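For reference, the structures are reproduced in the following blocks.
After this come two complexes, each holding subunit A, first together with subunit B and then together with subunit C.
The block that comes next holds the complex of A and B.
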């Protein structure tokens, strides 16, 4: 057979073909890389919001707790808090929550788990005004036989406090002592340190150490259950707790001198206030069952709502 | 002569086919590159726009949570003039038509959103249990029609019967409900109950101006 290609420049043709093929391969490789990148990005975007339902369920729980807490506080604020009123309000709120969530394509229920528990709102004041703490001597019990307590706060005029340091505060600064059933005690001393109101903690008669302080501007409130100090226009969250870990059964004021102020606590029924402490019936807590159901998630929880209870 | 010409055509045909594929690939690649290089504006639909929407939703949700926590959301919802039947200091429409600082919540929306060129509508959805249970929607702030990329965040708050209006009429909701010449936008969802008044869903819709 004759070599017909010899008549033409066959090698040049092959070179062109190889070049073009190389280019094609290069472009294809780049395309594959781009497609792979796009696939990864698409997967990333497609799976970005898989936990959205979970956050909605948690949000519903938070909203329900806030709503029931608001109802309890409103009932107590009016005086003579009646647990039945809170029960009725929770029963009335259930269908509303159901309708709200139905609009979002999910099923949500809010039901009363059991009846709201009753409590007492204890107040130490003089018709709402500050009252001297030494009316019953230098050491007296505010409440005993205590089971659960929330919203315990002492509002005090800082100018009536003793000026001292943390280490020596246990000798003469006014203290709030928490005793448990085995008489272990934790005492929080309130004292003035320059222009600040400070709180020092002593366990079983040990040396007090400073827990928290705030530069005071007028009446200053020590929120024991919330671990917070507040004064006019300022508040500070204390990193060290102002509520003892010993499940207190009694709250007592010690080392009382010329201090003046008010004290308030909501306690569960069964506690006994001492002396002339205002004692008003109140609602202590409510327990609700919350259910959230979407296409992918079923969330059920039972929450006990007692606004202001220590963590 | 004729036969050699045929062999040459066969080789050329293969090269032309590959060249055609290359040309097609180059054209497609060019198009893809051009599309990637197109400027993405805040209003064009794209993945980066999705990111902006997520940011706006998170920002508005956080604003609502903070306001609900410190009570300013409830203050805004109750900033109502019962004798006029409109939000306090609002224009004739009965709701605010521009960003403003009439109360703390609106002031925060103004500082956080309006100053970043983000428009917003605030609407309140309440329960109406008279007759067939339904929900009624009331405007608090209306800044116009939202764009296609608008996002909405919402928050529920519960109003008790004893909640006091924060506008010039300092009256409780149950008192307003009992007066024939005064009105509040939300009816009492359960008149038999003396504690619960209604639940209000505050919906804030935001979009880039």
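The block that comes next holds the complex of A and C.
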């Protein structure tokens, strides 16, 4: 063993071993402190939201889609919708989006990708009032040569509907049939079941099954493209869709009796309405480029906006 | 009592020192060894915890990119245009003073360190858009990049490329 007494004399020469150990312990304590610091930092990071602001990017996209959709609807609401007006409005909206997002420290752009497409707004009504559906007999075509459609809704007076059940609704309840020459036809029958208006679906002549219903209170609207039923002060989203999966080329009313109401659809240019259906020019869709850029994220997408198009 | 105090027989200064140093050395040695073991254990624990947190953060960012990629893909399919996502992930370069490597699998992220030797695996739900990496990545700043595949291709045809 080394001479730990070294050059000290008397009782003051015994501290070297203690000194070395104290140093070792000091190093250990400092290391423990650093580890504790790391552990605390880890806990802190673990409870922090460190994901990029993807939700903001999706939010921006949603807001842009809603805003452009509102532009289209506003243009169509006035009648004789002109795609050029929507194009001009989108061009004017771009700098506003840029400026608004700059306040949040992010870069966002909204640009028109291509010109808005034209369409037709088809309406079945009597100067805005309910109209009997049997003017063209018990079965007639509302529109054919259909490519794309949105906002198809039928508002009906439930008291004019046949009271029946889902299984027997195909015999006499009024139906809306979606036809496609290559795939199965799908028919949605509207009937009254006690105090509810119900919709039953039948595929290619099969037995109808109930899809959705609502306790009616006056005129009730069946939104086929949005899969929703609404009446005075109430609305219900249908879990089972009310728009067929067969990309219909024709919409026809069948089993028409005394039913009265209105029908409306916005269709892409090229479709042919039948008979005395009101046919206004309209804007069908618009396509915009959206870019969102923040410190950590770049998101670029091109969106086609056609409000009310089936999901 | 006074008799023992004055009696110097059988007492050696050298033996006294040796005994004292031996006992002190033994005690201090045990203390240092125990402290070292404690430090090693705590160090492993802390590094493991931080790697788990880092892995979870990376998984969250991969899912964020996946969500954006799905939106971009759905949009691109209806417009025949292209969409893109680029997401920067800022992870620490070192955990508790030691570097680490990242290996991204289909549903797992493995984080490896050599000092202390650890392999932490974080599981995450499978993404809709497959994740693709070029081997192991060093910890630090990562980038997740996605570009939409040609229109009409399924969403699985795209790739979330993770690069260092």
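Just so we're on the same page, the second predicted complex is superposed on the first by the 263 of 311 C-alpha atoms of A that agree within 3 Å, B and C clash if a C-alpha of one lies under 4 Å from a C-alpha of the other, contacts with A are read in each partner's own complex, and residues count from 1 in each chain.
What we mean here is this: a residue touches a chain if its C-beta (ideal position, glycine included) is under 8 Å from a C-beta of that chain, and two chains touch if they have at least 3 such contacts.
Just so you know, these numbers come straight off a predicted model, no measurement behind them.
Peer 1: Quick check for you: in the superposed arrangement, does A:58 touch first (subunit B), second (subunit C), both or neither?
Peer 2: Only subunit C; A:58 stays clear of subunit B.
Peer 1: Have a look at where A:45 lands relative to subunit B and subunit C in the superposition and call it first, second, both or neither.
Peer 2: A:45 contacts both subunit B and subunit C.
Peer 1: After the superposition on A, what does A:21 contact: first (subunit B), second (subunit C), both or neither?
Peer 2: both
Peer 1: With both complexes overlaid on chain A, does A:212 touch subunit B (first), subunit C (second), both or neither?
Peer 2: Neither partner.
Peer 1: If we overlay the two complexes on their shared chain A, which of subunit B and subunit C does A:179 touch? Say first, second, both or neither.
Peer 2: neither
Peer 1: So, A:100: does it touch subunit B (first), subunit C (second), both, or neither?
Peer 2: In the superposition, A:100 contacts subunit B only.
Peer 1: Which partner does A:299 contact after superposing on A: first (subunit B), second (subunit C), both, neither?
Peer 2: Only subunit C is touched by A:299; subunit B is not.
Peer 1: Go through the superposed model and pick first if A:32 touches only subunit B, second if only subunit C, both, or neither.
Peer 2: A:32 sits against subunit C, while subunit B stays out of touch.
Peer 1: Output the subunit A positions appearing in both contact lists, the one against subunit B and the one against subunit C.
Peer 2: Comparing the two interfaces on subunit A, one with subunit B and one with subunit C, the shared residues are 4-5, 17, 21, 24, 28, 31, 34, 41, 45.
Peer 1: Would you pull the subunit A residues touching subunit C in the complex into a rising list?
Peer 2: Subunit A residues touching subunit C: 1, 4-5, 14, 17-18, 21, 24-25, 28, 31-32, 34-35, 38-39, 41-42, 45-46, 50-52, 54, 57-58, 61, 113, 287, 289, 295-304.
Peer 1: Which of the residues in subunit C end up touching subunit A in this complex?
Peer 2: Residues in contact with subunit A: 17-18, 20-21, 24-25, 28, 31-32, 35-36, 38-39, 42-43, 45-46, 49-50, 53, 56-57, 60-61, 64-65, 67-68, 71-72, 75-76, 78-79, 81-90, 95-97.
Peer 1: Would you mind writing out the residues of subunit B in touch with subunit A in their complex?
Peer 2: So the residues of subunit B touching subunit A come out as 3-4, 7-8, 11-12, 14-15, 18-19, 21-22, 25-26, 29, 32, 47, 50, 68, 127, 133, 135, 155-158, 160, 162-163, 189-190, 192-196, 198-199, 201.
Peer 1: In the complex formed with subunit B, which residues of subunit A make contact?
Peer 2: So the residues of subunit A in touch with subunit B come to 4-5, 7-8, 10, 13, 16-17, 20-21, 23-24, 27-28, 30-31, 34, 41, 45, 63, 66-67, 70-71, 74-75, 77-78, 85-86, 88-89, 92-93, 95-97, 99-100, 103.
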